[in-house]
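Letters A, B, C and D name the chains as they come in the text, with residue numbers starting at 1 for each one.
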Amino acid sequence: MNPLLRIEDLHVDIPGAAGVLRALRGVSLTVNEGETFALVGESGCGKSLTAMAALGLLPRAARMRAGRLALDGQDLTRFSQRRWNALRATQVAAIFQEPMTALNPVLTIGRQMTEAYVQHGLGSETEARRRASELLERVGVLPVGRRLAQYPHQMSGGLRQRVMIAMALMCRPRLMIADEPTTALDVTTQVEILRLLQELQRDTGMALLLITHDLGVVAHVAERMAVMYAGEVVETGPVAQVVTQPAHPYTAALLRCLPVQATRDRPLVPIPGVVPALFGPLEGCAFRNRCALAGEDCAGSIPWRERAGQGYRCLRDEVPA
Amino acid sequence: MNPLLEVRNANLSFPTRRGLFGRGTAVPVLRDVSLRLETGQVLGIVGESGSGKSTLARLVLRLLKADSGAVLIDGQDHRDLSPRAFAAAVQPVFQDPYSSLNPKRTLAQILEMPLVLAGDFVAEERRTRVRAMLDRVGLPQRLLHSYPAQLSGGQRQRVAIARALMVRPRLLICDEPTSALDVSVQAQILQLFDELRRDFGLTCLFISHNLAVIERIADRVGVMYRGQIVEDGEGRTFFAGPQHAYSRLLLSSTLPPIPGRPLPDVARPWDAN
Amino acid sequence: MLIYLRDKLALSVLVLLTVSLIGFALLRLSGDLAASLAGENASLEEIAALRHSLGLDRSLIVQYGAWLADALRGDLGASFFTHEPVSRLFLDRIGVTATMAGLALVVALALSLPLGVIAALRPNTWIDRAISALALSGQAMPGFWLGLMLISFFGVTLRWLPISGSSTPAHFVLPVAVLALGAVPALTRLMRSGMLDVLEQDYIRTARSKGLPVTLIMLRHAMRNALLPVVSLSAVQLGALLGGSVIVETVFAIEGIGLLTYRSIQRNDFPVVQAMLVFVSVCYVALTLLADLLNAWLDPRLREA
Amino acid sequence: MSDIALPDPRRAALRRALRHGGLIAGLAVVAAVVLLAVFAPLIAPHDPAAQNLTLRLIPPAWQEGGNPAYLLGTDHLGRDYLSRLIFGARVSLAVGLSVMVLSGLIGATLGFLGGYFGGRIDDLVMYVITVRLSMPGLLVALAVMSLLGGSLVTMITVLSLLFWDRYAVVTRTAVRQLRQADFVTAARVAGASHRWILWHEVRPNVMPQILVVATLEMAMAILSEASLSFLGLGIQPPTPSWGIMIAEARSFLFAKPYLVWMPGLAIFALVLAINLLGDGLRDVSQPEGRR
């Protein structure tokens, strides 16, 4: 499989009134062509920030301190604003969590769908409209003619997310970044949107980088995954392995927190304590203050280890599932 | 014997006001809702957005008035209770841990509030009770004089639960109390609920869109769809084999973290929409 | 939208009636008009006769009713002093005042929209702080004093511009500048905060993720949303500019309705003052209505309210 | 359990305030002017009303013909300009502070009622606000002052009755949002009365915004007093008011421009300081961003 997106040792700082927040501390991951890669973690772990970095859209205050970004062998690290713009939509497209706010309320769906196509010189306004119609038809936003003239507020959340997806597909990107695309939706709508994404991926062959906190969604749609905690990737590997035999204690603990029917007769085991503050340099394992397996050796530097296709950052060999 | 909470054929609609002079139409939100909740039980209400589950909570809390039907607390219409008697019987816990605590008041003030309003306690007794309750919900005493801004989301939700329990109510109305929390924090709060049920014998109306959470916590389950309770029953029976097509759809849409399964088919044959 | 318009119109009429009634009552109850009109040496009989001839001996409600009936026919009464019809006095002078107010708003918008946008694009940088400081200073400047300072500098020291009257376009430069500078601070700050709000919205992130150039994002996606509150404020400001004309026209000796009103106030020429009060209210109500329509054109969500 | 050590919000606000240059500068100037006004009789070198026609129009001390005894010179009646400026601060502050408080009471009350109770009460409040907004404030003030005759008390009354609209609008909006907050609902369910909720739950959360409006209104009142007095329909001579001083100096605009710019500068400095104070208060109470 060919690697499409490579992120290597990414460090991002966010200076603020309370000090410099080390938001990302050496994140590395690779998304291969055509695959679905899930980036999983709880709020504040840096998963969205990583995705935004891959779009060149870090928040204004954030600084990329170190690391390399590459798309299909092209080094993006020193890209100018103009080259980023040329890349977005045509190579990397994105959809976001809140379909209610991600579309501009004062512009029609048609206008918002076609503008990037025309801007990137892929065709005329007429051609853009034709492609928009085809895509709306494909994602099931019907009747197409009327929908193109509508404004976002005239549609339900599920429909808007479909519009977002169609819009992201306009310029035939090779990678779609989906940042919590179904979190704001009802569960039945969530399944519809996930199915749609799967089908579209099969049709177009694009890769999908799925950012989510929901391990259930990951298990159903992703092939490989990375788990983030406190600005670091703590574990990565094929979904089937990571979810059933976690190698990192945090992944295991997260799974024990899920109140799903499969674990009905097992008690919930909450993770005690809270995430450490990420100000200043952090030595050792960030999870050790909440980890049942932690010892004094966890305060030192922790190597990245590999085992049977799984990579993880932990000293312990056996992690109880 | 009367159930602790009974809702009888409640109908409720929101009037849409068309301008200053217009009358407008009424949008039905609750349609002939009936339910019974026995002392010591947890009744889980599950449904998607717009199903009317939060409206049901607000109705029971007397924040809304039904067009017809009745809400009975221990056999007595809840509208006949004095504010004090009602507060002593029913208390709420809300979804948003940020909106549910006044940012300008300390934890001590927030937790004393229900006791001050109940009026039966001297200052010394209020302080003792607040300290005991902090321990009970797992918050350190040193937070007593801090403000909500100094707390994490999970800690805030503990405060909200503590505030609801201060007057030892007989019925707790929880409207999506864990939905705004991360799963690890959600697990902490669900565990707290388990402990509190054991210690206080809580009776609870627990509303959530998350079937897995409901399954963990509820003895009985009610499924709401478009303002109606389309199915209700004992928890284990329900999860073993839901009867209504919508319940089955809801259950099959819940995705467990088990790899290798395809996404379910969620066509809605009964509801061409 | 139609229902909204209907309500708004009905409300406007009610508001105008209330304002005219309040104005009427205030002016009538604040003192004995006949006594002050007749002069200090008038006898009681003379005052009574004057009161009767002006209709001031009738009850307040009757007087108001009579005024209203006339006003609806376009008859605003006649000046107590020159005995000219008030409507004529107004029509002769409205052009000057309206021109000034309109020009001032255009100038103010031309200054404050770019300033607000620049400040919002570079928040908390030196340029943002400089613009904020400018806005704060402008807000602290008394208009009449600014006018006098401008006269002293451009008119007397430099001798570039005429300092009073309204006969040539050059006469309007200083008064329009004073009026415009009065409106700039509020508009700039609103534009800045509006833009800051909009730039944080998810749909701006969406637009950026589509690789659109910054100028297009600004013009198509951000400006339109940020303009909504500015449109409303502009309407209010234009009303305020008409009211503010009293000071500017006094300082620069311009024969507009502001100066007319000032003189009429000084000599208790009640019909003129009442007319001015109602005129400004009508302008305000009409302008806010216009702003609502403009906003509905800008934002489709408002069309359905 | 290791906590994220978050600071006490009040202490954090105080720290932000102390680091806020504009707020400190504004506060310093306002405090200085207040001291000047309170101790005017002790500080002013001369009686501000004492005329001496032999000492007319002395230029400031640093100009040719200046007299060190009259640091800022004298006006057309030979009164000491510095002393008049110092006493003028009394009028400005008296009007500014009184109008700030009185109009605040009117506006905030209306805002609380409309915002909290909503429905028909809110319709009524909105109607009253609209009526007020559609009346030209300065014009009405001019007309009423002209009929009633200018005095400090009339001035304060008239301005207070006119300039409460911003209080009402801001308070109403803020209270409307707070009314929806879950902590208000929790208090209601706990049996709190409307009065209890308004005082304990709503008021503390609106106060910062009301304070910011208060500074704006104080500045506005000071400017209005100056304008009205300048037009001859406000405070009446010989009371030293900055607006009157400018009006009296107007005839000497060409010969003695400093007589005009000095009182104007005083108004400008005081109002600017108050605005800085207001901006600072807003920054400090809303740390999430400058708006």
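FYI, a residue touches a chain if its C-beta (ideal position, glycine included) is under 8 Å from a C-beta of that chain, and two chains touch if they have at least 3 such contacts.
What you are looking at is a predicted structure, and each value in this text was computed from that prediction instead of being measured.
Could you tell me which chains are in contact with subunit A and with subunit D alike?
B, C
Can you tell me which chain pair comes out on top for contact count?
So the chains sharing the most C-beta contacts are C-D.
Could you put a whole-Å number on the gap between the CA centroids of subunit B and subunit C?
Subunit B and subunit C have C-alpha centres separated by 52 Å.
Round to the nearest whole Å and give the separation of the Cα centres of subunit A and subunit B.
Going by mean C-alpha positions, subunit A sits 32 Å from subunit B.
Averaging only over C-alpha atoms, locate the centres of subunit B and subunit D and give their separation in whole Å.
From the centre of subunit B to the centre of subunit D is 48 Å.
Multi-chain contacts in subunit B: which residues touch at least two other chains?
20, 152, in rising order.
For subunit D, which residues are shared contacts with two or more other chains?
1, 3-4 - these are the residues of subunit D that touch more than one other chain.
What are the residue numbers in subunit A that touch two or more other chains?
Residues 272, 274 of subunit A touch two or more partner chains.
Quick check: in the complex, which residue numbers of subunit C touch subunit A?
Result: residues 201-203, 205-214, 216, 220-221, 224-225, 298-301 of subunit C touch subunit A.
Under the stated contact criterion, what part of subunit A meets subunit B in this complex?
42-43, 186-188, 190-192, 194-195, 198, 213-221, 239-240, 243-244, 253-262, 264, 268-272, 274
Tell me, which parts of subunit B touch subunit A in their complex?
Spelled out, the residues of subunit B in touch with subunit A are 48-49, 152, 154, 182-188, 190-191, 209-213, 215-216, 239, 249-250, 253-264, 266, 268.
Which residues, counting only subunit D, touch subunit B once they are in their complex?
Answer in residue numbers: 1, 3-4, 6-10, 123, 181-183, 185-192, 196, 200-201, 204-205.
Please give the residue numbers of subunit D that touch subunit C in the complex, ascending.
Per the stated touch rule, the residues are 127, 130-131, 133-140, 142-144, 146-148, 219, 223, 226-227, 230-233, 243, 246, 250, 253-254, 257, 260-261, 264, 267-269, 271-272, 274-276, 279, 289-291.
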